[in-house]
Amino acid sequence: MDLAYTPQEEEFRTELREWLARVLPGLPERPDPLDWPGRRAYDTTWQRMLYDAGYADLQREATPTQHLIFLEETERAGAPYVGANFVGLLHAGPTIAAEGTPEQQERWLPPILRGDEVWCQGFSEPEAGSDLASLRTKAVRDGDHYVVTGSKIWTSHAEVADWCELLVRTTPVTPDTPKHKGITWLAMPMDAPGITVRPLRTLAGSTEFAEMFLDEVRVPVANRVGAENDGWRVTMVTLSFERGTAFVGEVVACRRTLAEVAREARTNGTWDDPAVRRQLGRLNAEFMTLWRLTQWNVSEAQKTGGVPGVGGSVFKLRYSHARQELYDTAAEVLGPDAFDLDHDWTLDRLSSLSYTIAAGTSQIQQNIVAERILGLPKGR
Amino acid sequence: MDLAYTPQEEEFRTELREWLARVLPGLPERPDPLDWPGRRAYDTTWQRMLYDAGYADLQREATPTQHLIFLEETERAGAPYVGANFVGLLHAGPTIAAEGTPEQQERWLPPILRGDEVWCQGFSEPEAGSDLASLRTKAVRDGDHYVVTGSKIWTSHAEVADWCELLVRTTPVTPDTPKHKGITWLAMPMDAPGITVRPLRTLAGSTEFAEMFLDEVRVPVANRVGAENDGWRVTMVTLSFERGTAFVGEVVACRRTLAEVAREARTNGTWDDPAVRRQLGRLNAEFMTLWRLTQWNVSEAQKTGGVPGVGGSVFKLRYSHARQELYDTAAEVLGPDAFDLDHDWTLDRLSSLSYTIAAGTSQIQQNIVAERILGLPKGR
Amino acid sequence: MDFQLTADQRALRQGVRDLLARRFDREALRAAVDAGGELDRDLWRALGEAGFFALRLPEAEGGVGLGLPEAVLLFEEAGRALLPGPLIDTHLAAGEVKGAAEGEVVVTAPYGHFVEHLGDADVIVRADKDALNGAMKVRSVDPLTPLTRLSRRTPYPYPPEAVLLTAAEQVGTAARTLDLAVQHACERVQFGQPVGGFQAVKHLCAQMLVRVETARTAVYAAAVTGTAVERAAAKLLADEAAVRNARDCLQVCGGMGFTWEADVHLHLKRAWVRAGRGPSKAEAEEELAAALLGDPA
Amino acid sequence: MDFQLTADQRALRQGVRDLLARRFDREALRAAVDAGGELDRDLWRALGEAGFFALRLPEAEGGVGLGLPEAVLLFEEAGRALLPGPLIDTHLAAGEVKGAAEGEVVVTAPYGHFVEHLGDADVIVRADKDALNGAMKVRSVDPLTPLTRLSRRTPYPYPPEAVLLTAAEQVGTAARTLDLAVQHACERVQFGQPVGGFQAVKHLCAQMLVRVETARTAVYAAAVTGTAVERAAAKLLADEAAVRNARDCLQVCGGMGFTWEADVHLHLKRAWVRAGRGPSKAEAEEELAAALLGDPA
C-alpha cells in the first residue's frame, strides 16, 4: 500500500509536463461556447496533437496509473478537455475495440484517435431515462439496411458529430422478449437523410445537449456492432468496466476551485466566520479523500486490468454530492456575486445540479450499490 | 386565524393552575424507576386526584384546546405524567368507548378514569413490528372462552397491569383471508394463568418494556370488543383519529430543555462558538414551530372533532428528528459530561433514539404521508 | 384559540389563486421569462385593482383594511405562481407612494447590494440620493428578477414585514415544487410503474410536504404574533423549505427537470434570490439563539 | 503507485480477524459487557503474543517491525470486534514501557478530561504525578469503556498516531454496523419480503457503504503519508462514518436494534467515546481549512 509513483511513472509525468509546457502556448484561442464548428475544430486539433505526441490512446496503450497522471497533469496545466472527442474516445471507441469486427475497428478507430471523426451518443430517449432499456426507437430491417425511426435526447455534440453510437429496438418487447433482449447497437452516419437535431436548453441556459429526431434513417447493416438484439450486452461491456479514471480531471479541478474559494473567503472576509471556514475544511477532507479514492480505484484497475463499474457508483454518489456542496459553499462565500451569471462559479453551481441525475441518478446508484455490492434483495 | 385563547379557555387554564399549585406540593416522592408497584401506585394516585378534580376524562369532556392547555400546564408545573395509565386512557379506553357494548363500557371505563385499573397493550410481536397486521398470536374458541397462545413484545407496564388490550389472530391467513381480516380485539385479565412477563432491557439500560408469553391463556368471549375477526378495524378507529394533542407535553418539555442547554452553553463557554450558538438558534426555530404546528392541529381538531392520523405523521416525522438533534446538540454542549449516564441529558439522548422507530418508523410514516396525503401510487 | 384559516381567509386565498391562474398562467410566465422579467403593466394594474397592494391599507384610506395574516396568504400565492416584480416593495409603499396602492406605479427599493427590477420601477424608496451612483446591472441568475448591483451595501435595513412576506413567497415555491414533483412522480413511468411508486421518490416527496407544512405554520404564526423571533424562524424555515424543495423537485423530475422548459429551475433560482433578502441564515439563527437566553418560553 | 493492500497486509488483516473471532467472539463480548468492561488478562497477553502491541516496534527490539499502514488494519479489526481496553495507549507504549509489547501490562493515558480503563491499568503514561488528584469514576455511557473523569483537562496532547488509530477503530465500527444492518435487512421479513427489498432500507445501507469506503480510504492514505492534514481528514470522516452508520444500523434494525441484546448500541456508544478522543470535529475542520490557504494541492 503506497502512494509513491514509480520511476517509470515519474518519467511519464516529466515528459508529459515538458510536452505540455511546449505545446500549450501555441494553442489557438478557446472558441465561444456557442460556436459549435469552432469547438469541434479546437477539440479535434488538440486530439491530433495528442495523437502525434503518442498520447491519443491511453485507454489501451498506457497503464491506469499513467492515464491518471495524464488526466491530472493536463487538468493542472489548463490543457483542453476531451470535449467533442468524449464519446469516440471513451464510449463508442472502446465498444468497437471490444466487440467490433477487425474491419469495423480499422474503419472507425484510427479516425477517432487522430481527431478526424467525432462521435455522439444516441442512448437516452424522452421516455427512457433511468430505465434506459425501455427505449423505443425502432429499427426495421430492409435488405442490407436498418430503417430507424424514433427520438433521442441528451445527445452532446450532435450538431458537429460524424457518427452516432445508437441503441435501437430491433425486436418489440413481449412476454417472451424482455426489454433488454431486443436492442441493437448501430453506428449511424450523422449525414444520413432523416436526422433532425434540435438544441436542448438546460437550466444553466446553455445548449450543451440536443434532441435528435430520426425519421426513417437508413443505416447499413454493416454498421451494426455485435449481433442483432445483442446491443444491450455490447453496450454494457464498455459501460460496466472502468479504470477508475472517469473523474480524475474533475477532482483535480474541484480541489483547485476549493482552494480558490478559500482564498476568496480570506479576501472578502467571510473566512472570519468559523462556520464558513469549517465548511471549507470539511470540503477539503472530502475532496482530498475523493482524490485518494481515485488513486485506490486506479491502483485496483492497474492490478486487475479494470474494475467493475459498481465501485464507480460508490465514488459517484459521494463525488456528486460533494461537488454540489462545493458550489453551494462557493455561493455562500461569494454573497452577492452568487447571483451574477458572469461569475464562473454561478454557472458551475447550476451545472453541478445535474451531477446527482445524469449518468444514473443517485437513487439508481444506491440501488446498484445495495443490490450488487451488498447483496440486498430486489424488492417487489 | 389567531393564537389568542378565549376567556373560557383562559379560565380553564387559571383554575387548572390554581389546582396544580394547591395539590402538587402534597404529592408523595417520585418512586424509583425500577420500583414497578411504586410507580403504579404513584401514577394511579395522581389519576385519582385528576378524577376527583374533574380532569380525568379530557378526551371526552374537554375541547381539544382545553386538552392542550391541560397538557401544557401540567408539564410546566412538573406534574406527573400519565405513566401507567397511558394505555387505559389513550388507547384501550377510547377503543372501548367507541366500539364496546354498554356493559363493557360500564365495566371498564370508570376504573380507568378513577385510576383503579391499569391497562397494557399487547399488539407488537417479535415478528410483527412495522407490519403489525402480520401478527401470529393465536386465539382458538373453546366454548365461551378464547384460548390464546403466542408472544408479544414492547408491552409497557405489563408487570403491574390489570388488563391487556390484546390483538389475536382468530382466522389463519389464507388467500381468501388477508392478514387484516382475521384479527380480534380482546381484553385479557393479566392475572389469568399462562401469562409470563419478562422485562426487556433497552439500549438505555432501562426496563420500561416487557416481553409477554401467552401459553393457552383463557379469555372470556365476553371480553371481546367488536366482532370476531374485526379487531383490525376496531383498533384503527382509535389509532387513526386524534386531536393533535399527542406530543403537547413533550414539545413543552423540549423547549424547556433547549433553553436549559442554551444556559449551560452560556455557562460553560461553548456559547462562544458561533456554530453551537446557531445550532441552538436553529433548534429554537424548530421547536417554536413544532409548538405552533401543535396549535394548528389542535385548532383543526377543535373545528372538526378530530383529525385524521396522517396529519400526525407529518408532525411526528419532524418532531422525532428535531428531538434527536436536540440531544445531539446537548451532548456537544455538555462535552465530557455527555459520556456520563448520571447526566439526565445523556439518558434522554439514548431514549430519543427510539423516536424515529417506535410507533411507526420514519420510513413507514413517509410512506403514509406520500400515499395517503400526496396520493402517490403504491409501488410494486 | 383558533389557529386555522377563517372562511374569509380561505376565500381570499382562492380569489388570488384564481386571479393569477387567469392573468398569469403558464404561457404568461414563459413570456415573462423570455422578456427577461420585464413587467406587464396591465397585470400590475390588475393586481392593484384586486387589492394586492392596498390589502393592509385602512379602508378609510381606500385600502382593503386587512392585516399581515391575509398578506402572507397573498404572497404565498404570488410565490407559487412565480409572479415577477417588486411586489413586496410596492405593497409596503401603498399609502406612502401615490399610485402604489392602485398598481399604477411600480415601487422598488434597495436591499443589501441589490435593487430588483430597477428598469421597470417608477419610484425607488429607502434610498438616499446617491444610492444608485455606480450601480451596475448584472446578468441575474434568476431570469424573472433583473438585478442591479449597488456600488456599496445600502444602509437601510430590510423592513420586518418584507422579511415575512418574502418568507411567504418561499412557502409558495416550496408548495408549488412539491406539486410539480408529485405530478411528475404520478405521470412518469420507468421500470413499468410511475416513479412515484418507488420508495425513494415517495420519501423525497414526503419530506417536501413536511417542509411545506412546517414553514407555512411558522409564517402564519409570525404573521399572527408579529414578533421578531417568530419572524426569524419563519424566514429560516421558509428559505430552507423553498431551496431544498426546489432541489428535491429537480431530483424527482430527473433529466426533464434539468431543461429550461421545466419550471422547477425558475423556482430554485427565485428561492436563492429571495433567500438573499433580509437576514441571512446565520443572522436569523443568532437572533433565535439570543432569544433562548431571555425568558423561558 | 500501488494504493492497494499487499498480500502480506491482507494476510495480516485476516490473521487478526481470525484471532479475534477465536479469542473474542460474541459470547466473550457480552461477558465483557456484563463485567462492565473489565479486561481479560489472558486475552491481553494473547494480543501481545500475536504482535498487536509490538507491531511497529523494530525487529531489533523484539517487535514485528511494521508500520502505520499495518497498524490501521489491526485497529480497524479491533474496532469491528469492539475489543475493549486501552489498546492504543498500550500499543504506543510498546518499547517505552516494559511489558507493554508483550501484553504483560496494561497501559493507559489521560486525554481531554478522561482516562479510560484506569481500574485495569498497570501503568499510566502522559500524566504528571498529580494528574489523578480528585479524579472520579463516572457511570460511562459505553459499557465497555470505564471512564474516570479528571479534575482538570490533561495538558498532554493526544498523540498523532493515536488519532489515526482511533480513526481506524471508527472505520471498524462503521464497517461492522453495515454488516449488521445488511444481515438484518436480508433476514427480517415484513410485509411479505425481507426489509432489505424496500428501497428506503437499501438506500440507507448504500450510504453506509459509501461512508465506510470513504473513511477507510482516508485512514489508509493518512497512514501512508503520515501528514497532519490527512490525519485530520481521516479523523473527521471516520468519526462521522462510525456514528452515522451506527445510527443508521439502529434505524434499519428497528425495535430489535433498540434492545440491550443487540450489539448496535455498543458500537454507537463506543463511536461516541472515540469521537471524543483527539481533535474535535471543529478542530479537525479548522486544521483542514488552514491547509487550503497553503500551497495549492
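Structural remarks
A, B, C and D are the chain letters, set down in written order, and residue numbers restart from 1 in every chain.
One rule holds in what follows: a residue touches a chain if its C-beta (ideal position, glycine included) is under 8 Å from a C-beta of that chain, and two chains touch if they have at least 3 such contacts.
Note that this is a predicted model, so its numbers are computed, not measured.
When the partners of chain B are compared with those of chain D, the chains appearing in both lists are A, C. Computed centre separation for the pair chain A/chain D is 39 angstrom, with centres defined by C-alpha atoms. With centres defined as mean CA coordinates, chain B is found 53 Å away from chain A.
Put simply, the C-alpha centre of chain A and that of chain C have 38 angstrom between them. Residues of chain B in contact with two or more other chains: 273-275, 278, 363, 366, 379-380. Each of residues 198-201, 203, 282 in chain D touches at least two other chains. A complete topology is adopted by the chain contact network, contact being made between every pair of chains.
Taken together, the chain D residues at the contact with chain C in this complex read 198-200, 203. The touching residues of chain B, when paired with chain A in their complex, are 273-275, 278, 379-380.
Contact residues on chain B toward chain C in their complex (touch as defined above): 1-6, 9, 65, 255-256, 258-259, 262-263, 266, 274, 277-282, 284-286, 288-293, 295-296, 298-300, 302-303, 314, 317-318, 363, 365-367, 369-371, 373-380. Within the complex formed with chain C, the residues of chain A that make contact are 124, 126-131, 134, 153-154, 200-203, 205, 273, 275, 331, 335-336, 338-342, 346, 350, 353-354, 356-358, 361-363, 366.
Against chain B, in their complex, chain D makes its touches with residues 112-114, 138-142, 147, 149, 189-191, 195, 198, 200-201, 247, 250-251, 254-262, 264-265, 268, 272-273, 276, 282.
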